[in-house]
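The structures considered in this document are given below.
Each of the next two complexes has chain A plus one other chain: chain B in the first, chain C in the second.
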Partner chain A sequence: MKQILQRALRVRELPISVFLVLVVLATGSTNHAFFTLSSLQDVLLGVGIIATLAVAQTLVIVMKHIDLSVGSTIGLTAYILGASSSWGHDIWWGLGVSLSVGLIVGALNGFMVAYLKLPSLVVTLATLYIVRGVFNEIAGGDTITEDRVPRAINFLGLNRFYGIPLIFLIAIALMLLVGFVMRRLRAGRDLYAIGSNLQAAELAGIPVARRIFGAFLATGAISGLAGVLLLARFNAADANSGAGLELNVVAACVVGGVAIAGGVGTVYGAVIGAVLLQTITLALGALGVAQFWQLTVNGILLISAISLDRYLSSRVKATTIMGSSK
Partner chain B sequence: MVSQQTPVLEMVNVAKAFGGVQALNGAELALYSGEIHALLGENGAGKSTLLKALAGVHRIDSGSIHLNGRDFEQGSTRTSREQGVAVIYQEPNLFPDLTLAENVFAGRQPQKANQVDWSGMRREAKNLFDQLGVKLDPSAFAQGLSIADQQIVEIAKALSTKATVIVMDEPTAALSSKEVDRLFKVSRNLAAQGCAVVFVSHRLDEVFALCDRITVMRDGATVGTAPTAELTEAKVIKLMVGREISELYPKQPAKLGDVVLRVDNLGLAGQFADINFELRSGEILALAGLVGAGRSEVVRAIFGIDKYDSGSVTLNGKKLKAGNPALSMNAGIALVPEDRRQQGLFMPTSIDKNSAVTMLKRISRFFLVSSRSEKKLASKWGEILQLKYSSGSDPVDRLSGGNQQKVVLAKWLATDPKVLIIDEPTRGIDVGTKSEVHRLISQNAQEGMAIIMVSSELPEVMGMADRILVMREGRLVGEFSRSEATAEKIIAVATGASIS
Partner chain C sequence: MKKFNFAWEHGVVIFLIAVIGIGSNLSPYFATTDNLSFVLQDIGEIAIIALAMTYLIIAGEIDLSVASSLNLASAALGFAFRNGVPFEISILIGLAVGLVCGVINGFLVTVVGLPSLAVTIGTLALFRGLAYALLGNEPVNELPEDWVNLGFTNIPNTFLPWTIIPIAVLGIVAWVILHHTKIGRWTYAIGTNAQAAKFSGIPVARMKFALFAATGLMSGVAGVVYTLRFASASPDGAVGYELNVIAAVLFGGVSIAGGVGALWGVLASVLSLGAIRSALQLADFSANALLIVSGALLLVSVVVPRAIVILKSRRKSVVAKK
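This part shows the complex of A and B:
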């Protein structure tokens, strides 16, 4: 019985899923409008972008790293996609450039973290500024408006498949793909090993630098392509697009049980975390709570999430020089 | 069981120096497959260095190593492992967030169609655990596993890589007796499957119960190898310590005064228990024992770094508050810690600032510290301790180990303590500075300071101390006066050996 309980606690997605259900039920019972299809769709539409970036971020957070540059990257590529027609190119050119931008930023981050052994927090904070700076130079005061958004992308933002917004479906597809990689492939398992115990990973012959580089590259590539989603969702882009998103993404991961200390967490948890944060935002709105309280609630949620982590990992049996079974 | 074919591992005439210190010189080790071989020696005899050469951590300066009939390629821990050497450390290095099965197969998980074959991996891990005769759940997480079980996981990993030589470095130090029995069974299983097992332990009874042959090292050289049946514990101890105590230690007789410090029934759960002793002014009391016996833990508790759960510490008739180093310091206790780089000094900070840091209250005015008075204080103590340095504003990490130790001593002697506790006073410092440190300790004792010295070096203990307390597994197990102490007696008590 105790063992089953311990296993259940190990399923890190469980407590937050339960909490998500509670939030929905509590809000719905006070304000029945919250149960309607359209508010569910609101949640899913709003969460697609953060969920996509959170899936990508999970790759680096399980290695005990972080990538703060994703907000700048997604903003830049959203703008490029919107501007490509006025620059005389088609959408394929835009997608190619978006992927390239993502790969370049990812490679830069990965190279500096994996091979120069610089701390990822600082490296990706630097690339956050650099990319945003380049972005400002390219975009200037220009704003992409609805009429300049490519048709296909516009379609993506407006349509649903069996009622589910396409943006959210893309996020789910990506989640399943990355989830498969992280669970089923050696390379994916290596990321967990690196985050769990770096020294032991090196001793086990895992190509640590190559894996770190690869994960940052993948995160960059996904963030680059995710510009499509950002443009599709808002039908607009300017030099401020995507600013600050990175912190929401990290918050979603942490709330979803992807430990900032590395080694644990799944993309499923990260997506549930994103959904929970979005739901709470809308729930507080439905309950008539002033908007700024939403941020406070998010903060409290974050602290609860890491406290739970701390509690679960602090129950390691202490062994001592007088023998462990006294 | 020992087959008299060619040895699976042969290390011949191995030498290795670190800086000026010759750690190995004439070290030899030969292993046959199917045997359990004990490697014995005092702290610092060179066992660890020799095994680290095998593990790929150090490269040897000269000598030869043959493994499985081939020249052993020295490179990294990885090349060693690929050649069939597995090392089980006292504190294994697992992935706490992964399952035991994944811990065994990390980086080389069994695959099916290029995907990790989870059920196959669990099955194989289960097989390995069964082969070793232990009950462990392959899908349990490594977090929270006892040290004993962690070692088993490492052994299973070694078995899965088809290791031919398995080194266990003091594996029993943190195990209960039941766990030790299980480890013995596992070791015999390994030997029966053709592995050569090297077993390092300070507990002679275990060595005699388990091992087929014994190799003894002393001062970096191998001094003997023999089948266990031909040896006795007394003979082994003689081999381990058989050296002259040199006249390195100019201890001067000092007059013993009143009791300054009294420790009553001190205990800290899991660390030490029932510690009782008195210390007089002018006395040098040595705490001897093996590394990990709990000596540092006791002095840390006395000084107040760790809070003890039971008992009391009385200084000059007044009980000290537990767990408060600042109060202990004001009351007149000083602690020179065992690791000067981590605990003793602020490495990037200047010699002046390091020397004066214990005296900031006394040399500051209106809450401001004057660097002139820091400098004055530092140069005064630099002179007394014959510190070799170019400028007081140099960071201490530019000094040699011996001179760094003098700075730590300076900052504590400056507080004019009644009780000075020194943990490993001369670890890693050259011979010349060593005797200067000893002279300083002796001189302060003559002037009436009471001194507790924790030391793992027997010659130092026997050369310096008026009285020797021996600890084993967190308890005081022996007391010797200067005249009755011999190296054999101390080792016997510290290792729990039975000699008449």
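This part shows the complex of A and C:
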């Protein structure tokens, strides 16, 4: 019995999934309205953006890196998509530019981290500032309002497929795609190898620099295209869009078992982490707890999640900023 | 004769001088005492927290929760005062709350053994949430005038703002400890190689715990300064300051990998960021330019040392081949 339990606990996503179910049950039994379809849809609608960014972030966190620039990138591309019609372009132009912006930011981050071997925390903090600065310069005080949002994007935000918000479905599709790459393809497996032991990965002949560059490029591209989701969800964008999202995204990953120390975690966990954080936000509302407790609970949750992880694994020896030196 | 080694910090000082030169050319108002006193006030909180963050990053750790700790300290001060506690005691409560924030971080990192990046993202949310819980959505604005005046007036008969006093005193203390005591050398040793430090008898865990606690306390001090300067304690103050502090420390020549850095470089960096901000404002640049400049400086601070290393190693290998 004990062995089964121990093996089950080794599925990294298990504790948090159980916790998610408990939160839903506990909230639902106090306030039955929480079980309704519409509140489920609220959770799924709200979680799409963070889930998408968390999937992208997982790619870099398993390599023991981090990308803080995603909040600036997604905000910029959401604005560009919204403004493209007033600039006299169609939505395809907007999508192309969004993807390009994501690729450029990702390539810059990736080049500096992979080939110049600079710390990703510093590099992406710098690009966070630079992209936000460029963004504010472009946007100024302009606000994209509902009437300027392209029809197709509006459609994406409002509609459901068999009751499931389209935004969430996109996030799930992306999760499955990236999940497959990370589990089954060599390039994806290499990311885990790089994160668990960089030197060993180099000695094993893994093209480390190319993989790191590729992962940052993919993270940038996904964050760029995720601007569509941000615009679709809020039907609005301005110079502040996406500000501060990066820490929520990292929090979702960490809660979902993607260790900052690298080498472990899956995109499924990251998405469950995002869903849990969003569910708790809404659950607190359903329980009549004031909104501001949400931040406190999120913080406690994050710390509990990593403490539990620390307790369950004895691999980690000494701590550093990014976790362990093994 | 001792060979003069050009360090990154010298570059930062030259940069500061250049900014002052350019700023004076851009606007006649830049080099006035009024503006100097404004800049010194403006950098207050960042400078105070940066002093502690320098130690922490040199020791190989990081604290992203400093802005939330600052804000929680400010909120606690306001909350206590609103509930009838004398203002002087309220200040002490604010400082104590800052210290407790640091102790919590230190406990989670050194006793529980969690990575500081993840822990302090968690406490960033936690402390901010607690500030909202304390104050609700109502900021505390009715603070005693005598105290609040300290936040934005100058020391009589000088152009120096009162806030220069905590910066100067704490700056000197931090400089002496980091560069002239055992604790300072331990900090570098831990950041260079924590395991080697442990084997040579340095109480690594206790040191890191103390550094986190000190960073919390400094955030508390910054919280008090912030409250006085804005004459208000509100739950949504100082959002995002943590990244400004870290950017300033890193541009000042402290390596994120630990073990490298000097306090005067960080102070020069904080000053130059403040000077740039003022120069850009006076020259009617938008605030966006400041974001771009901060980001670019941060990049320069990692790219240049790295480029020097690469160039040196190339030259070496060329020499070796000959």
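To be clear about the criterion, the second predicted complex is superposed on the first by the 308 of 326 C-alpha atoms of A that agree within 3 Å, B and C clash if a C-alpha of one lies under 4 Å from a C-alpha of the other, contacts with A are read in each partner's own complex, and residues count from 1 in each chain.
We take it that a contact is a pair of C-beta atoms (placed from the backbone, for glycine too) under 8 Å apart; a residue touches a chain by one contact, two chains touch by 3 or more.
Just so it is clear, the model here is predicted, and its values are computed rather than measured.
Chemist: Is A:V254 touching the first partner chain B, the second partner chain C, both, or neither of them?
Modeler: After superposition on chain A, A:V254 lies in contact with chain C alone.
Chemist: Between chain B (first) and chain C (second), which, if any, makes contact with A:L302: first, second, both or neither?
Modeler: Second partner only.
Chemist: On the A-aligned overlay, A:R132 touches which partner chain: chain B = first, chain C = second, or both, or neither?
Modeler: In the superposition, A:R132 contacts chain C only.
Chemist: Where does A:A201 make contact in the superposed view: on chain B (first), on chain C (second), on both, or on neither?
Modeler: The first partner, chain B, only.
Chemist: Which partner, chain B or chain C, touches the larger number of chain A residues?
Modeler: Chain A has more residues touched by C than by the other partner.
Chemist: Identify the partner contact of A:G244: answer first if only chain B is touched, second if only chain C is, both if each is, neither if none is.
Modeler: The second partner, chain C, only.
Chemist: A:L116 contacts which: chain B (first), chain C (second), both, neither?
Modeler: second
Chemist: Please write out, lowest number first, the residues of chain A touched by both chain B and chain C across the two complexes.
Modeler: Of chain A, residues 316, 318-325 contact chain B in one complex and chain C in the other.
Chemist: Which residues, counting only chain C, touch chain A once they are in their complex?
Modeler: It is residues 60-62, 64, 108-110, 112-119, 121-130, 132-133, 136-137, 194-195, 235, 239-240, 243, 246-247, 250, 256-258, 286-296, 298-299, 301-303, 306 of chain C that touch chain A.
Chemist: Spell out the residues on chain A that touch chain B in their complex, using ranges where they run on.
Modeler: It is residues 10, 183-186, 189-190, 192-193, 195-197, 199-201, 203-206, 262-264, 313, 315-326 of chain A that touch chain B.
Chemist: Any idea which chain A residues touch chain C in the complex?
Modeler: That would be residues 66, 112, 116-119, 121-123, 125-134, 136-137, 243-244, 247, 250-251, 254, 260-261, 290, 292-303, 306-307, 310, 316, 318-325 of chain A.
Chemist: If we count contacts the way the header does, which residues on chain B are in touch with chain A in the complex?
Modeler: 77-78, 81, 93-98, 102, 106-109, 111, 114-116, 141, 143-148, 173-179, 269-273, 292-294, 297, 473-474
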